[in-house]
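Reviewing the structure listed below.
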Amino acid sequence: MEKNSIQEGTLTPTKEQKFWMYRNMLVSRFLEESIEQIYLEGKKPVFNMAAGPIPGEMHLSNGQEPCAVGVCAHLQPFDVVTATHRPHHIAVAKGVNLNRMVAEIFGKATGLSGGRGGHMHIFDADVNFACSGIVGQGMGPAVGAALSRKMQGKEGVGVAFIGEGAVNQGAFHEAMNLAAVWKLPFITIIEDNQWGISVAKSESTAVPDNSVRAQSYGIPGYQVRDNDTYEIFKVAGEAIERARKGGGPSLIEIETYRLAGHFMGDAEGYRPPGELDGLKAKDPIKVMRARLGSEEGLSDEQNDQIVAQARATVEAAVNFARESAYPSPEEALEKVFV
Amino acid sequence: MEKNSIQEGTLTPTKEQKFWMYRNMLVSRFLEESIEQIYLEGKKPVFNMAAGPIPGEMHLSNGQEPCAVGVCAHLQPFDVVTATHRPHHIAVAKGVNLNRMVAEIFGKATGLSGGRGGHMHIFDADVNFACSGIVGQGMGPAVGAALSRKMQGKEGVGVAFIGEGAVNQGAFHEAMNLAAVWKLPFITIIEDNQWGISVAKSESTAVPDNSVRAQSYGIPGYQVRDNDTYEIFKVAGEAIERARKGGGPSLIEIETYRLAGHFMGDAEGYRPPGELDGLKAKDPIKVMRARLGSEEGLSDEQNDQIVAQARATVEAAVNFARESAYPSPEEALEKVFV
Amino acid sequence: MNEQVRTVAANERRLTIARAMAEAIAQEMRTDPSVFVMGEDIAKLGGVFGNTRGLLEEFGNERVRDTPISETAFMGAAVGAASDGMRPVVELMFVDFFGVCFDAIYNSAAKNAYFSGGNVKVPMVLMTSTGGGYCDAGQHSQCLYATFAHLPGMKVVTPSNAYDAKGLMTSAIRDNNPVIYMFHKGLQGMGWLGTEAGATVHVPEEAYEIPFGKAAIVREGSDVTIVSVGMGVHHSLKAAAKLAEEGVSAEVVDLRTLVPLDRDTVFNSVAKTGRLIVVDEDYKSYGVTGEIIATIAERDVSILKASPQRVAYPDIPIPFTRPMEQFALPNPDKIISAYHNLKRARTWRWL
Amino acid sequence: MNEQVRTVAANERRLTIARAMAEAIAQEMRTDPSVFVMGEDIAKLGGVFGNTRGLLEEFGNERVRDTPISETAFMGAAVGAASDGMRPVVELMFVDFFGVCFDAIYNSAAKNAYFSGGNVKVPMVLMTSTGGGYCDAGQHSQCLYATFAHLPGMKVVTPSNAYDAKGLMTSAIRDNNPVIYMFHKGLQGMGWLGTEAGATVHVPEEAYEIPFGKAAIVREGSDVTIVSVGMGVHHSLKAAAKLAEEGVSAEVVDLRTLVPLDRDTVFNSVAKTGRLIVVDEDYKSYGVTGEIIATIAERDVSILKASPQRVAYPDIPIPFTRPMEQFALPNPDKIISAYHNLKRARTWRWL
């Protein structure tokens, strides 16, 4: 993941950028597929969330990879990103330490937080990545980071990723207005996967496109259709560039796909029949693979190599996590105050 | 205040409606002027909020009367209104029992709540009027009342009055979206008096007109300029009519004037010089008086009579309050649960 | 579990708490058209924790409403609807989320009756899931019992079994005041959350109320009183069973409602046993355990034969990883240790 | 007021709490560019309660920022800025408003250090006004001390006088953790809120810290320990003075910080006097009074010569009207009555 090779400010991805995005999408997807399997260890025949090597809730991001890579392709480690309960793809693209992240998801001592956080609380200070499991509550902190950079005169933008369901939370509105009034280098990325758990966007949101809500804050709003990685790359690049230049915040809503349940164990009875198959046919990884084939001449052998590399990266992280020890129980009492 | 004589559904006020509005504006203004005087009793030479017959915070509404009468001219007792920390003018126009309201402001046993609520907690169940002293928190309850009417198939709309400062509170956003998604008979009235305590609208709000925020909810938004009672009457009439017919919510922002400090004791050092004089020159009561003169031939003698009547109404309420007894202290322990 | 329930042998109708809650709501909805339900994922999904399952199918989406993720709006709307003659039952999916919408709850729902001198009633039920033990980490595992119980104007109920769950829900819906109904995820009887078997008990078919402010003595004993709520009741019963093997007779009190609090039953029990252990999965300081101990001490400290003990969640955010979480949670062993501490504790200087 | 302060006679520099707070903030802003202030009406107006007066003039509107009425946004922004190397001092105008923004405070500010395994620090100060007594009714008069102190990850401080106010503010700003700084309106020294004279004391010009977790014995005594915070300390001192006329020697402990809580000082004092009264303007149940009493009882109940007493706000919303509010508030007379109750209370059955 040679982040430094990403060329900033270009709105059509270079070949390098395309491959960077593709590789990160693969790592993210393989990570989720790995987690999916491991999560079920110890949870069969009876599905009990508390059991197995990865206990607790598990929100997978399969299908949403374009949002992560299209945005993070423009970010540097010093930029600040806040994510949600569904953070893995974004963490991967932001360059969070994969070994320590997976160890954290396993609750191991080598985890980013020594096991205290878990999958909804991925914090990696080295790359300025943070989460909140409370819907909408990543907004304020990302605005605050943007404020901090502006006040310190230091490089860096604040980017908050939220779901389309989160847009109806008061925190969204307050943070957007604050960022706009103070003209902060802040961008909100709305991952519109059509669902907030079992509730469809149309049943929860008074407007079809959340990009119109940018008008309430006098800032640019973008709508990206159909999970298009290049289009995301383009509008995110524009918005981030503007923020870096002091042009204030932007809002981007991306139509994306949730290819899994809301969390693992979700029977997804609320999905209209056929929806999932339709989405799977448009799997963004397949799309990206095809594009790289036609645009950059990616051969099957080359692809196999990239795939193998991504798999190996994930496997190494999983092995690291598996082999790591659990923290000692009494450490629970540490790090309350620092 | 012959509420029944108000003709619903007409967007230009009839003579009767004009006089109804004028009378209510006068009652409201005289009430505030009375309170202003009485509030200072016991607070001189040292201004101590705890002292005098009316202790505690006091937020006067002088200048904002058009918002109250222009909207409430279209409302019936069964309609539900929620107001804010600055509720008197709205309460008057909604037909809250004036004697008991003033007694409540004095903290007397005969008050609407037996003295437990005070001036920021005016509740009159007979005319469906309620308050919250927390900015923005009248929104949800008014939406809930609208929901209740829709579910019960009963007449009545929910109207929330808030300040322009409150629009930046998350509650505004959430309630607007909910009302829009559920197509409820709900109207938000934003009294834009340019100030949230000492903070100017332009420093707190990313857009000049909050009416544009209606677009975020796919509903009609109106902007009324210059505290114009007739214009308020018109757009409120339209919005309320639409709500009654099942057409869903609307948002109205009214440019109004706060002719007093945020609360009594406010030195108003933050006001640009001359602002207050400019606003006072446009006092809506003077404007209304003049209009009634030119449009309806209101003579000075007739006017004196109306003024005297309004003064008498207020005086009677003040006397009622003054003469009422305080509740016994132990009653503090009652009405926690009902 | 209730002693009186235990005796029902034939015709047992064992329900989970989730089903008992849904049954109570359904029965009230059938008889009272003003009752309706709203919250996130409570309609099509039947509630993440199963306690509204079947309601959409029976009552339709006018009365069983999925909401946007807008807790401030729909809690506020519940206040407005309740003040207008309705009886909303509204769900806050995890109690941990209260921070985004608490004003509507504690400053309006809880206070409007008082502010209005009793002229406005706010008969709403807020049901919300509590508790951890399944590695859901620090924003999805809290109990926050004391957070709600500390603030005036709300009743707070916390069932430990399905019989109580149904009766308390029926009482909550019929109450004219806001009631916070806190159900522990580990007791819901949803397999995926693990299941405390003792919570699934016989539940009569017909509607019945359990009065608020009446603690249940779920096990009688003479040597020590163990006071708890919710999941803690089951830990306490297990500890009591083990203590019995040591020849110690423990009385277990299930408070059932934190507001109103049945101080008399607790006091009378401690007056009898002379010893007190309080078990709570909520954070330790400024919480339930302190209140119960203070209740006894202030009324008559002389009934205490030894220093009372607390088994509560330590004052730390809830860690994700299993070893840490299990280390921090109350459990039967900790209660047994507390008993031994209590026996070891300094005896009266006057003795 | 601090005994050690009392002794400073010459060169007295008596400040109100409001001025002491503003001075501490200004001094830290001068030496540390990462310190900044935001909140509603804290710039041009200097804070509704005066504690930011003069800061805008000295530091300008980049570092002294009036915010929109968007507590969720700016509390969240404080978390983000604090995690990014800044030290925000942020004001929640009245503590009563916490319900609109508590998630950012208790689920992020308070927990992110833990969630990140100590890798993210959130050095922010949330200052907020508490308390009533001037008829500001039920949404503008609460204390909510226990609401904050119950939840892990935040330090909670409550000065009773200007000397402590300055030192605690300096410590709060320098602390690497979120600190909730709760100042009582009646102690601010703003004439329009009434003023407790005892809060306005000598304040040294230079910056100094008061360590957290160290209670102050503000009056020594041998017959009874009166424990309190904030305004309650002044009620307690007045009651102690009156009790002295009756020949009763009361020791008064000002906790100064609720988290961390100096349990040792309280315990040692009660071990000496054998009697305990806890005074708190926050709601009674599940609050500060319960925690203090339980702290003593669980450590060694045998040091108590009589049942401890609480003088706290009853479990009711705060009424507007003066007679009701004054009836409900703690005051010196109630403390004196509590002492008499305590003496009348049942003596040991073993005596």
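The letters A, B, C and D name the chains in turn, as written, and every chain counts its residues from 1.
Basically, contacts are C-beta pairs under 8 Å (C-beta built on N, C-alpha and C of every residue); 3 or more make two chains touch, one makes a residue touch a chain.
Just so it is clear, the structure is predicted and the values come from calculations on it, not from any experiment.
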item	value
Most contacted chain pair (by C-beta pair count)	C-D
Longest centre-to-centre distance from chain A, chain (CA-based)	B
Approximate Å spacing (C-alpha centroids) for the pair chain B, chain D	36
Distance between chain centroids, defined by C-alpha means - chain A, chain B (Å)	46
Interchain centroid distance [CA atoms averaged], chain B/chain C, Å	41
Centre distance in Å when chain C and chain D are each reduced to the mean of their C-alpha atoms	31
Junction residues of chain D, two or more chains touched	67-68, 70-72, 96-97, 99-100, 103-104, 107, 114-115, 137-139, 152-153, 315-317, 319
Junction residues of chain A, two or more chains touched	111, 115-117, 121, 132, 134, 137, 168-171, 174, 177-178, 181, 203-205, 336
Of all residues in chain B, those that touch chain C in their complex	80, 82, 111-117, 121, 123-125, 128, 130, 132, 134, 137, 139-149, 151-152, 158, 170-171, 174-175, 177-178, 181-182, 334-338
Residues on chain A engaged by chain C in the complex (per definition of touch)	46-50, 55-57, 107-108, 111, 115-121, 132-137, 165-166, 168-171, 196-199, 203-205, 265, 269-270, 326-333, 336
List of chain B residues in touch with chain A within their complex	168-174, 176-178, 180-181, 203-207, 212-213, 215-219
Chain C residues touching chain A - in the complex, by the definition given at the top	40-41, 44-45, 48, 66-72, 96-97, 99-100, 133-140, 191-194, 314-317, 319-328
Of all residues in chain D, those that touch chain C in their complex	72, 96-107, 110-111, 114-115, 137-139, 146-147, 149-153, 258-259, 261, 283, 285-291, 293-302, 304, 306-310, 315-317, 319, 345-351
